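Both complexes below contain chain A, partnered by chain B and then by chain C.
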Partner chain A sequence: MLKFVGRRLLQFVPVMIGSTIICWGLVWALPGDPFRGRCGQVVCSDQYVQTMTQRYGLDQPLPVQYLVFLRNLFTGNLGETFSGQDISAVISQALPVTARLAVLSILIQVVLAVSIGIYSGLRQNGFVDVTALFGSLILFSLPVFVVAFVAQYVLGVRLAWVKPTVSPAAPISELILPAAVLAIGIMATLMRVLRASVAEGLHADYLRTARAKGFSERRVIGVHLMRNVMAPALNVLGLEFAALLGGTVIVEGIFNIKGVGGAIYKAIQDREQLTVSTMVTLVIIFYLVINLIVDVACAQLDPRSRDV
Partner chain B sequence: MSEPLAEEMAAEVLGGQTDSAGPTGPVSRGEEEASDTRTRGVWIDAWRVLRSKPLFLISIGVILILTLMAIAPSWFASGDPNQGSLSKSLQGPSSEGWFGFDVNGRNVYTRVVYGARASLTVGFACTLGTTLIGIVLGSVAAYSSGPVDSVISRIGDMLLGIPFALAGIIVLSTLTTFDTPNWQVETILILTIIVFGWPSIARVLRSTVLVTRNADYVVAGKALGLSGSRVLFRHILPNAISPILVLSTMRVGGYIATEASLSYLGLGLHPPAVSWGQMVSDGQPYLRTGFHVLLFPSIFLAITILAFVLAGEALREALDPTNRR
Partner chain C sequence: MYFRTRVAAVAGAVALACTISSCSSGSDTSSGTASGGGAGPGGTLRIANAITTDPIIPMTVDTSTTRVMDMVWTGLVRYDDKLAPYNANAESITTSDNTTFVIKLKKDYTFSDGTPVNADSYVDSWNYSAYGPNAAQSASYFSLIKGYSATNPDAPDGGTAPKPTAQTLSGLKKNSDLEFTVTLDKPMSSFPSILGYSIFYPMPKSFFDDPKTYEKLPIGNGPYTMTKLVPGQEVDLVKTPGFDHDDAGKAAGINFISFSEDTAAYTAVQGDQLDYATVPTAYLKTFQTDFPGHSALVTGTSMMDMQLPLYVEKYADPKVRIALSMAIDRKSIVDALLPGAASPADGWVSPPLPGYEAGACGSNCVYNPDKAKAMWAETNFTGDVVITTLEPQKTLFTSVCQSITDTLGVKCTVNSIADRTSYKAIAQAFKAPGPIRWGWAIDYPTMENMLVPRFVANASSNWMKYDSDGYQKLIDEANGASDAAAAATFFNQAQALLGQDMPDIPIYFQQGAGVWSSNTKDLVITGFGWPDLLKAYKTS
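Let's turn to the complex of A and B:
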């Protein structure tokens, strides 16, 4: 196990560095001067452009810029936006909201997907199974912004059960609808994986052995089967974090939530390169760390996956 | 945004594939005819199963109609999608305009028909690109192993480490402005999706090839003295192709959704080009007064994606050897 964690960490470092370089390069190394268009109707004076370029270290060669960026990232000094606001302040304002949204959304999808997925796996081709299978395909096909609009219109505007948009404080009660919207599209995958692995596990030798040993049905399903079902489900949940993170940008925009996704999108539109690269890099590192944890957890649950 | 599901489904096929490559797999007789009849056999079998599946036939029909719509939109709708009369602004569906009119009085039906082109172009081009690159790099990685394999796999991991939507947003917002011509925006969009999309295809192909590489018929082919490339192209790839085919079919929908989402964010095509995502985004301020403006493009978007997903699903079932008993 320790060997697996070590090897996985060894793989993690170059991938993380590579991903951050790609992302940072996309933001910075592409053509275009970030300061040229920042003065409204007037053409920016050369002096302004020069001062800003120096102040943000853009006159140095690209590799040096990247190293400075990394150093700043790890010392916790995230720098400031082009308008002088601390980036860490922007993030600390937005993060709690997005964290609540993401946790709520994961909670919704795990509860729904696990209960429906396992039930339909145990009773294959039953009514619940067929309905859920077809329903999940349809939900999977709907882009997140379509689901968001329909939910906002039907539940928020027509029926007025919930507020169509979220207030700045973003209490949990108002975040339920956006979180459910985020969960719906992603849930389908988790559900299908659970169904498939439960169905497969039911015919597996280890289950017959467990029954032959005389364990109660509850223990056979709840302990022996579940342990084998958990690993692939966890894996999918980790991978789906990408969809979740991408989805927050859109959902936060539609429901007017002041979170990280919205902040990234706003920064892109304002051409705040430094803010964008910092936030996106942090998001990517977060995503990679989550998947690292998931891999380790899977290896703990299923020793076979340690050899891969 | 739909990668994980598709990947998982391909993995299911992969599972089936593993079975067929094991002891129950095809036994190699004379190499040439064996591979020929077997390959043809698999596809004919699959076609027999597919032909009798109504869901598959319907989705293929929908895809064909949409393709025709993309090639010749004027066969389906008369009039100019960008011409509107303000007197009809936000009018609901009527016999004159089946899907109603948008805020500028433009016919929503005509615009929806013309919007098919952008979605399908992106969907097909991205699928072609990611599949080809994925197949080449995936098989090279699996077949060469060693340092080449590590390099390709790690580069793939790095690209997969960046959430798809974020990558698209960043590239499009840095490389395009509102003056960028539409064909350029579309090319950049397609290339971005291809660059960030090939690793998941390559990954599936690599693991399939790794499984197939040690199958009896491949070992037999090598023992007969066949060259490496012949073994790869005639024996390994035909067996590895079905999970890729399924995965690719399903991902067409994912690419279309990505294009729509980016256009929705205002980063994709801009007027005079018409795209469904852009129509939804245009309709957003009139959510309360003219819901039909965003409803119909959304429905078309959903139907298109669903057609590809269902076709892929049917293909998966048809190609899965465990279903053929």
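Let's turn to the complex of A and C:
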């Protein structure tokens, strides 16, 4: 197992280098001077542009800038944004909010999708199964902002059960609604995967064997079946969790959540190359770590996948 | 079958838990700033404001930052509801030639750290902003003061900017502790009325000692004091203790909360998480029924127009530009897209500004399809009209395009750009293929601010390469005029000249609409399209 984890950690290195170079290059290739347009309606003075360009090292050759960025990452001194804010401060503002939102959303998703998915897999074509299939298809096909606006208006404004937007402190109570909206948008996948694997597992040889051995039904379903069902579900969850870390810009905007997605979006608009690359690197690290955890868990569940 | 019942039980428990937690969150008052800090006599106003992460100091040029600074600082002058300036920190501003201004300060203003506001606070602050290596966004505004070219020399074409030869503006002189003299490069009669703009605010000594630390929680000399600043997210203010001046506020505190989407802010007012938000376009038709009695529509000072690239050969002929202007049915477009929120523009100075004259542009800004067609026939225009716009105004300019095609029969397409920096770069690099969307919001309420930075040759926002001696002459006359009324006459003549040259086609004047919570009192939206927060307060 240690060897397996070690090998995966080694794979991080080329992935990190490749993805940061791509990200760096993409922001650099965007048209527009990052400083010229920073003075409101008037153009910035030449002195301003020149001083800022030197201060942020944008007069250096591109490879040098990239190496500085790498050095920053390794020394932990991430540098500052064009507004003079520490990039680490930007991250430590946005990350906890995004983390809370993502975890909450995954929890909601797991509870709903796992219970409904497994139940409808066990009772195929039953009432729950048909209703869930129908409902999840409708929710899945609706754009997330439609669900978000409707939920915000009905639950937040009309019924006033929850606060319609999230205040800067972003307490859990205010994040439940956006987390649920995000969960609804993606949980159909998990539900379908679970339903299919449960349904398939019910007819598998290993289950018949387990039953023939005389194990209790509780052990047959709860251990033998679940172990095989969980692996694909974990993979789906891992990917979704990673996607929630950076890809929730639209929902963040609707509920006014100051998360990582919005921070990256703003940094791209402002041509904050260093900020974008640092934050994207962070998201990539999370992505890789989460996938590693998922793989380790899958390997635990299913010894066959260890050799891959 | 134990498993199934367990699943059902878990699901049931979770459903219950959700219900409980969402119910409790409805009555949750302990969270964040939503409940407000000090519940003093005037309450705490929660205001939606798109604060950027830039430091909230006079060197930053940004409308939402200015809105915070206006509360934390008291400038030499302030503006009343009608946008007329009155002396605030200034005791008097006097001049005999519109070039040399003697500014006397009131003696009892202090910064909230206790240090006095004196002539140095202003002179040092302005010198700091004007000095190139300090990289102040506001630097170019100081070009009207004598000596700017020495502190902030321009780069020669394509070259690097030379080192400044002076650290301070030669046009700034301290006379005594509470008096200083400003000498301008050229006469400008409206100079006293621009001094309420946040870039002219004074700075305490602590800023110059250590700007980085100062920026963490800036200190001003105004009616409110910052108690908390989270860049790009929120700024909390409380009434400055012991502030005893005419421009004192009524509310006990003000919390500015950043909203990246104006629809979210509007919703937050509905959900009682905010006390004021501006109305997003999508709600213009319903806001008065959503907020009966606590909403208002006010003619604002910003305008929308499209600049014409005079540097592109086919737009060099004024007849082309005038024909395009007369081909646009402004009224129908505005009525259809922005009902009640805009009025067709009849010039380049917004109606609420002192000196505004209706129809200043003349008949060339009025829809006249027959005349437009006749004039178009006289030109040698070839190819299509391509309008460059920013994504939010795509619908607007698609309608403008349609109107042009309907009238002139020329093919017109819209190139919509989502990314603000790319869009600005097109205009600022003089690479617009045709008309390009441009908006203008005033920095300070003078006609000068709408006419000089944009249309004087080589001015800071002249992206058309418009260069007219006649225009310059009228502006000079206006700036040198003895009183505001005389200046307005020249400014309006200058607009009439713009109407003949048509370097830029005005489309509409924006009107501001805002909504506020039911327990917010005395809220008045001024010509800035923003409430006068010094007068508003809250009852609990």
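Operating definition for what follows: the second predicted complex is superposed on the first by the 278 of 308 C-alpha atoms of A that agree within 3 Å, B and C clash if a C-alpha of one lies under 4 Å from a C-alpha of the other, contacts with A are read in each partner's own complex, and residues count from 1 in each chain.
The working rule: a residue touches a chain if its C-beta (ideal position, glycine included) is under 8 Å from a C-beta of that chain, and two chains touch if they have at least 3 such contacts.
What you see is a predicted model; the values in this text were computed from it and never measured.
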item	value
Superposed partners chain B and chain C on chain A - clash or fit	clash
Chain B versus chain C as contact partner of A:V280, first or second or both or neither	first
Between chain B and chain C, more extensive residue contact with chain A	C
First (chain B), second (chain C), both or neither touched by A:Q269	both
First, second, both or neither for A:A196, with chain B first and chain C second	first
First (chain B), second (chain C), both or neither touched by A:L239	first
First (chain B), second (chain C), both or neither touched by A:Y48	second
Partner chain(s) touched by A:I22 [first = chain B, second = chain C, both, neither]	first
Touching partner for A:V150 - first (chain B), second (chain C), both, neither	first
Chain C-contacting residues of chain A that also contact chain B	30, 32, 152-153, 157, 253-254, 269
Residues on chain A engaged by chain B in the complex (per definition of touch)	11, 14-16, 18-19, 22-23, 26-27, 30, 32, 137-138, 140-146, 149-150, 152-153, 157, 185, 188-189, 192-193, 196, 236, 239-240, 242-243, 245-247, 249-250, 253-254, 264-265, 268-269, 276, 280, 283-284, 287-288
Residues of chain A touching chain C in the complex	30-34, 36-48, 50-52, 55, 81, 83-85, 89-90, 93, 111, 115-116, 118-119, 122, 152-153, 156-157, 160-165, 167-171, 173-174, 176-177, 217-218, 221-222, 252-256, 258, 262, 266, 269-271
Chain A-facing residues of chain B, complex	1-5, 7-9, 12, 154-155, 157-159, 161-167, 169-171, 173-175, 253, 257, 260-261, 264-265, 277, 280, 284, 287-288, 291, 294, 298, 301-302, 305-306, 309-310, 313
Chain A-touching residues of chain C, taken from the complex the two chains share	1-4, 7-8, 10-11, 14, 18, 21-26, 28, 31-34, 52-55, 61-63, 132-141, 152-155, 160-161, 164, 212, 215, 230-234, 257-261, 263-265, 267-268, 270-271, 273, 419-422, 424-425, 428, 440-441, 443, 453, 460-461
